[in-house]
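Please go over the structures that come below.
Next come two complexes, and both contain chain A; in the first it sits with chain B, in the second with chain C.
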Partner chain A sequence: MVLLVDKYRPKSFDKMDIHKDMSQQLKNIVNTGDFPHLLFYGPSGAGKKTRVMALLKEVYGVKAEKTKLENKEIKVGSQLSKSITVTTLSSPCHIEINPSDSGNYDRYVIGTLLKEIAQSAPLDQSAERNFKVVIINEVDLLSREAQQALRRTMEKYVKTCRLVLMATSISKILSPIKSRCLCIRVPAPTSEEISTVLQKVAKQEVFNLPKAFCDEISEKSEGNLRRALLMLEASKAEKYPFTAGQKARLPEWERFIADIAKEIMEDQSPKRLLEIREKYYQLITNCIPPELILQKLANYLIVVVDYDVKHQVSHWSAFYEHRLKCGSRPIFHLEAFTAKIMSVYKRYVKLLSFVNNL
Partner chain B sequence: MSSTAPWVEKYRPNTIDQVVYQDEVVQALKKALESSNLPHLLFYGPPGTGKTSTILAIAKQLFGPELYRSRVLELNASDERGIEVIRTKVKTFAQASVGMQSVANKAGYPCPPFKLIVLDEADSMTKDAQAALRRTMETYSKVTRFCIVCNYVSRIIEPLVSRCAKFRFKALEPTLLRKRLSEVAEKEQVKVTNDALDRIVDVSEGDMRRALTVLQSATRTFGKEIKPNHVDETAAVVPDQEIEDLLNACIDVSDKKDMFKAMQKQCAQIVRRGHSAVQVVSQLNNHIISSKNLTNVQKARIALEFGNVDKCLTDGADEYLQLLSLSSHILRIKAELDPKATGSSNEDAMSVDDD
Partner chain C sequence: MSKRGRDIEDNEMEALLEMGKYYLNSLINRNVEQEEIQKSSKRVKLTQPQTKKKDDQYLTSPPKNNEYITVTGDDGDVFYVPLSTCEEETIEQDEQIVGKFSYLSTPIEDLMDEVLRTKHNKAETPIPSVLASTTQLYVDKYTPKGFTDLLSNERINREVLSWVKEWDPIVFNKPYAPPVKPINPFFKKTPQPNLTNANPQKGPEHKILLISGPPGVGKTTLAHIIAKQAGYHPVEINASDDRSRDRLMTLIEGATQMCNNMFGDKKPNLVILDEIDGLENNDSRSAITALLQLAYPLKPSTKKTTSADSKSKKKKTATVNQLNRPIICICNDHYAPVLRELRYKSKVIVFGRSHTDDKEAIQRMANRLHLICNKEKLTHVDKNSLVQMAACSNGDVRSCLNAIQFNGGDGLGGPMDKDRKSDYFDVLGKVFVKKSTNTKELVDNHPDQDKILLGCFENYLDVKFDCDRNWSQVRKALDYVGWMDMINVKVRSQQAFALMCYQSFPIMNFAKQCGSIYSNNFHKKGRLTYAKTEMDCRTKKSINHNVCGAIVPKLIQHNCASSKIDIYTEMIPMLVALMQPSALMQNQSNKTDQLLSVTRTPVQTDVEKKALNDLIEMCHDYGITFKYTSVMGKQHFVMDPPIDTLSMYKSLNAPIVKSNKFAALQKEEEEQQSPILLSYQIKRLIANGVDMYKTNKINSQQQGEQDKMKPPTKKYEPPTRSKYCAAPQTSKIQANLCDYSVYFQYREGNSNAVRRLAKISEFI
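For the complex of A and B:
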């Protein structure tokens, strides 16, 4: 079975319902024949990739859809003595790479692959598009060195290849790189836009989606269309026809985190902390990024606690997430955050009862 | 070059005379051109101020297109520049003799009897590789000249710095940026309103490349009439209204019950719109400094939090959590240190608990 997310991924600009004006702008950009390096940025699930693929199609036609996976050997290390294998996805007119997967070796991947692509001069010099497109994913996760390696390369090879860089946030991208690209912000769709897409999908799949339920899903989707479609599918599998008052089905791991928040509120003790620690381990082994755990947990806690504690939660969640990023064992920081909130909350409750008894 | 080529390349200076604003280095290089000699060079300064352009231009003027390939070696951050490469590649290039001068002189270029090795983006060279370079520089000083190009001169080891003639490239003057932009706009037949020009100069912070890229991007995206809001969108600046909304949510303490929620909603929204937290924080800071709704004491307390958030964001902390924490601090500082509510703040804090 194909997931709804994949089935309804628009393949060209005309089929896109969200940010129609941006589609038009992108068309303007590429239709003048040639285009500059592009940097797409925006939250995940906002549709960056979909847009880039549509862009490729606009530029090269169906040729861009004939993709194949390829493994490439890359020499790394200061003596170029070691070698690693990277996986690329390519068509006759483009290649897609994920250098951030190679960790510290990312700059070798960038250096080697880009040069190789740029120097393998396009076969047909007279062709209208005599350049190749290189899509680089997660540029914000690249090391400083790898980003440095992009700088001059971007200028030197601009005749033979165009880079399309993708990032969740441009905060972490060096400014010399930003100033070499046309930066395109892709905002997350609004709840209304998500509702429209959900209704359209429901119509095409021929099932009934009550407005109230549809709005609840869009509300909980956090502006992430992928998440909304997955939630719709999961909810439908759980119970259909939809009934009044039915809750949108959140992903499993998220309900798990909601439970942790509840458990922190119920009991603040070493024993409880130990139990929660087990849960963190489970989440981590299921590949849920620890910073996401902390972020979600903070959001759940903020909803249920009183005003004064809300401040504490937002302060300490930011504090421990920062520590977590700088440190090397996420579990320590998740646990420290939990202990901190337990103690803050316990003290608050004590103070409350003291004041009330006055 | 085709009409659609990036304007930064199209308008890259071809001779050192076309380099704007960097008079000191241009003067020195002109002398060098006359005397056909060149010291080792070190160029440093912020991005987009003409470092790479200048060295490429002088190289072309010295050697001409014919000899360029055999006389100039350009190594940048994407090239492997470990010790080994410095030892071998640079050595081989430096050792190969420069040939007879008379043969070369034909095209009317000075063609001095040495080779030029450009180490662009040298910030990313390791200390060891730089150390290895010291020897190489000395050994071949008769037949080679080096040009080290970097953003921060502090990343280059002292013994190298002291071997070179140092030139600082300054961030470009707003008036010069503006002039250059108008020239380009005219050549490309783009109409740019005065406000929009000011805005481009504003956001590019003396970086000519950024200014040109923004101008070209805006033209590509929005057509041949550029207005200030087009500039904001292409330069990744957050629209003032959104910053205003966030700030208002942070300092509106009239609705005790929902103020936190309202503030949180603004934070989530701004992140969802894809704005960079670093950009939001810096613009928010400007708004706060000039805000009439905060006392000096409040501003001072808030400033401390800004310092903290900036550090965390630089370390790569989560953007939403940092923004939320910052906003929550602002909200609390506003509520607790509110001059109108002094004396009652304790009571207020506790009255929340009644319901």
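For the complex of A and C:
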């Protein structure tokens, strides 16, 4: 049994439920016989990858689906003395790499791996497509050097390979790269779209999905279809048949952050701050990105605090997120944010009681 | 007594008779135990009083302080002659009377030589200021010139000296020949009967002496002085020399076998290997082994490497199987790994940091410093400050002297303090005490201010706040911390090291904001902790990261998520959530019952069976399984790869029931293991199911490809009902065994097998 997410992922453009006009456009591009370098960007869970895979299938046929994992050794370092292992997913006609996993060595991965692929022309000359496709994930996380390395390669080997870049945001991508690509934005689906997809899945899986619960999930999914489907499945495993008023099953870490928000509201004291620090450590240990922790926490806080404090919460969360991104020790900034909110809130409560006494 | 010795004495007696009859008896009665050099010197000393004819030197009662000789006169009167009161004068006197004693059997020049040497060794003037010149370092100028000058512990000095003396039978085996005569190594084989010393000729038990101690306490000086005292010529080999194995061995061999007879200095050599722990690690092993080989040549078979073998053979031909000169090694840390072998095979003498706790030693040092100050006319130096200085330098005489010289006696203690590293806890203690003095200096002196900052951050919330203003304090403190973090990133990413000068600012800000009067003695109460949480967090994170790495390929293959973040935040938590479907959780309530009543299958209803099958399929598809391991004596099924730890948060999963302490503990322990609340049996069923599923798949389809990518599955297959282990893996033996409902796989060579009592019911 594969997850619902994987089971109901559309394999071709025709089966897509959302962004239908984009599917049509992509199809048209492919039908012209050739396509430029592509840059897909948009929030996670919007369907970038799905579209790329569908595109590959459109171009190469079923051949593109026979993928296999491969570990490649790449020599890195200034004297090419060290070697790292890179995991790639490849089919006869494409290869998918994730250079940002290699951290600071990403430019070596780009340099060597891409060259190696691009320099070898496909054996089958008679095939209608005489180029390979290289999918590069998380381009926005690449270092500047790696992006520079990408720049020249894109022009040089345009005959033998096409790059498909994936990113959540293009703000961190160099403009020369952007200008060499056809940028395609894949927006997040609306909650109605998500609801329809969920209902469709429920119908095919033959289980009953009440409208209210469906809406609850699509609302909590934050426009992330993958998340919505995962939540649906997890909720179903947790409690089925669904009852009225059932809450969508959130990931553990989100519930944990919700707890933190509650704790901040309950008591504002250094002792509480110390307890919360412990929780932040747990979250960071479990590989939750600190930026995300801050954002989620701010979201939860904004919901519960009074109207007058809301703007302060958002202001300070932005302030500390900026600091967090500039710094290297997230715990400092998370704690600073918490302390700030605690002090702001305490002052507000004091003021409130003062005004009420008047 | 040797014949020759008696000769000398007879001759001398004649001379003495001329001068006065009193001393005849005394000389004959003298108990001669010491070696020749010293004996002759004493004799000269003895001659002196008689020439001076000082009546007051012949005491009628034994002197209290000095050594003395009992003298019986012709008329039966008993006198006591004090000894060794006046070496210095002796020489001058002797020089005057040289002519008169021309009828001594030994040429007076020789005697003089010896006297001079003894005098040199035994020089009494503690601070020979003869060579004083303004440009000289005090350290060199006032270096001890003799045994009695040494500042180090008497006991240690004696110990070293006696060890060196133990060599005498080997080195000076011809007692009456001038000790200067080069000793042929071959001589050792047929040693002459020793006259002065009853010891057998084999010498000391340990051939090498290892002196260790902190810098500046006078190890090297001690070695040199002892060598001179015992009549050797010290040959120092220190870190400034080339000390590769070959070079070192040539030097040592040269020094031990040959005699330094240039410039008429005809003493045997004593090798001092200074800073031996500074030998480089890679070749030091061989250098040290070579040294040991030299010292203890009887066991050449212990050598292992071929190069060392050839080396030792070479040495055998070169040296005659015995080390015949003392070797003193000096190091700062005798526990250095390089010295391990040497430590066992040599006599170790350790200079403790006795000076810090030994009041007497400090006083002695301070006295010496005071004396030096007086000599240098630094009269304004206060004795008390010298005592303090001696104490705070941890007995480092060298640094004290340097400090005195370069300060001209002013502001003592200043330069010494600068050198010291401040302790982490000291600094933190200071920071958290309100208005404590010189916090800034302490902070500045600490080498790792980043660590201090982390320590502040870790501890500041434990400090009692002066109640009212607390939030603004915390905020301000944290503000600086965050700012520093950004600066640190700048420093590292752009090499803007100039910015590092701001490093102490946030720490000082902590001191300002969080310093509290309440936190006095905070440090002593042991409430400050070491800043390790951040580091722990990092290491754990990287472990978790690697755990994820095991499952990521599967997810990538399914095209689930392209970015790591999505995997961490969405896929893994949800997978873990899916691992505990409610259908299988229902008979969770009586958990302990289940462990015992194994006969009852937990999966009975159709719903449960379906849920289980779905779960098994899912586990298989995503490469998850349960591994049978024993943790702390308890058997568990642990998720493999253990992605469940990634979704584990304390205080969220299952609140701890505090009814029973033991139960609570147990529960906590379980929680530590896994947040997955499936029962033991279900985990077992899943583990077997996944295996079975996999083998079925291999058999039925030829889809090897997909399974190749599977992470290595469990090694040990616990026996279960035949339903779930019907198809074992590919091996034939197992296939045969398959007919039986119970089989047990024995793995040879698995040493960590757990032996425990097993009930037959567990196998059914």
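By definition in this document, the second predicted complex is superposed on the first by the 356 of 358 C-alpha atoms of A that agree within 3 Å, B and C clash if a C-alpha of one lies under 4 Å from a C-alpha of the other, contacts with A are read in each partner's own complex, and residues count from 1 in each chain.
Keep this in mind: contacts are C-beta pairs under 8 Å (C-beta built on N, C-alpha and C of every residue); 3 or more make two chains touch, one makes a residue touch a chain.
Keep in mind it's a predicted model, so treat the numbers as computed, not measured.
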When chain B and chain C are modelled together on chain A, clash or fit: fit
Partner chain(s) touched by A:260 [first = chain B, second = chain C, both, neither]: neither
First, second, both or neither for A:59, with chain B first and chain C second: neither
First, second, both or neither for A:164, with chain B first and chain C second: neither
First, second, both or neither for A:293, with chain B first and chain C second: neither
Which of chain B and chain C A:32 touches, first, second, both or neither: first
Which superposed partner A:176 touches (first chain B, second chain C, both, neither): first
Cα-centre angle that chain B and chain C span when viewed from chain A, reported as a multiple of 10 degrees: 100
Which superposed partner A:240 touches (first chain B, second chain C, both, neither): second
Which superposed partner A:326 touches (first chain B, second chain C, both, neither): both
Lowest C-alpha to C-alpha distance for chain C against chain B (Å): 11
Contact residues common to both interfaces of chain A (with chain B and with chain C): 326
In the complex, chain C residues that touch chain A: 457, 461-462, 465, 470-472, 474-475, 478-479, 481-483, 485-486, 488-489, 492, 533-534, 537, 540-541, 544-545, 548, 552-553, 556-566, 568-571, 573-578, 580-582, 614, 617-618, 621-622, 645-653, 675, 705, 709
Residues of chain A defined as touching chain C within the complex: 1-3, 5-6, 9, 44-45, 48-50, 53, 67-69, 87, 89, 96, 98, 101, 137-138, 141, 166, 168, 224, 226-227, 230-231, 233-234, 237-240, 249, 251-253, 255-256, 259, 268, 270-271, 273-274, 277, 279, 281-289, 292, 320, 323, 326-329, 331-333, 335-336, 339-340, 342-343, 346-347
Contact footprint of chain B on chain A as seen in their complex: 25, 28-29, 32-37, 41-43, 46, 78-80, 107-108, 110-111, 114-115, 144-145, 148-153, 155-156, 158, 169-172, 175-176, 178-183, 185-188, 222-223, 291, 294-295, 298, 302, 306-308, 310-311, 314-315, 317-319, 321-322, 325-326, 352, 355-356
Interfacial residue positions of chain B with respect to chain A in the complex: 2, 4-6, 8-9, 47-48, 52, 76-80, 82-84, 120-121, 123-124, 151, 204, 207, 209-210, 213, 216-217, 220-223, 233-236, 256, 260, 264, 268, 271-279, 312-313, 315-322, 324-325, 328-329, 331-332, 349-350, 352-353
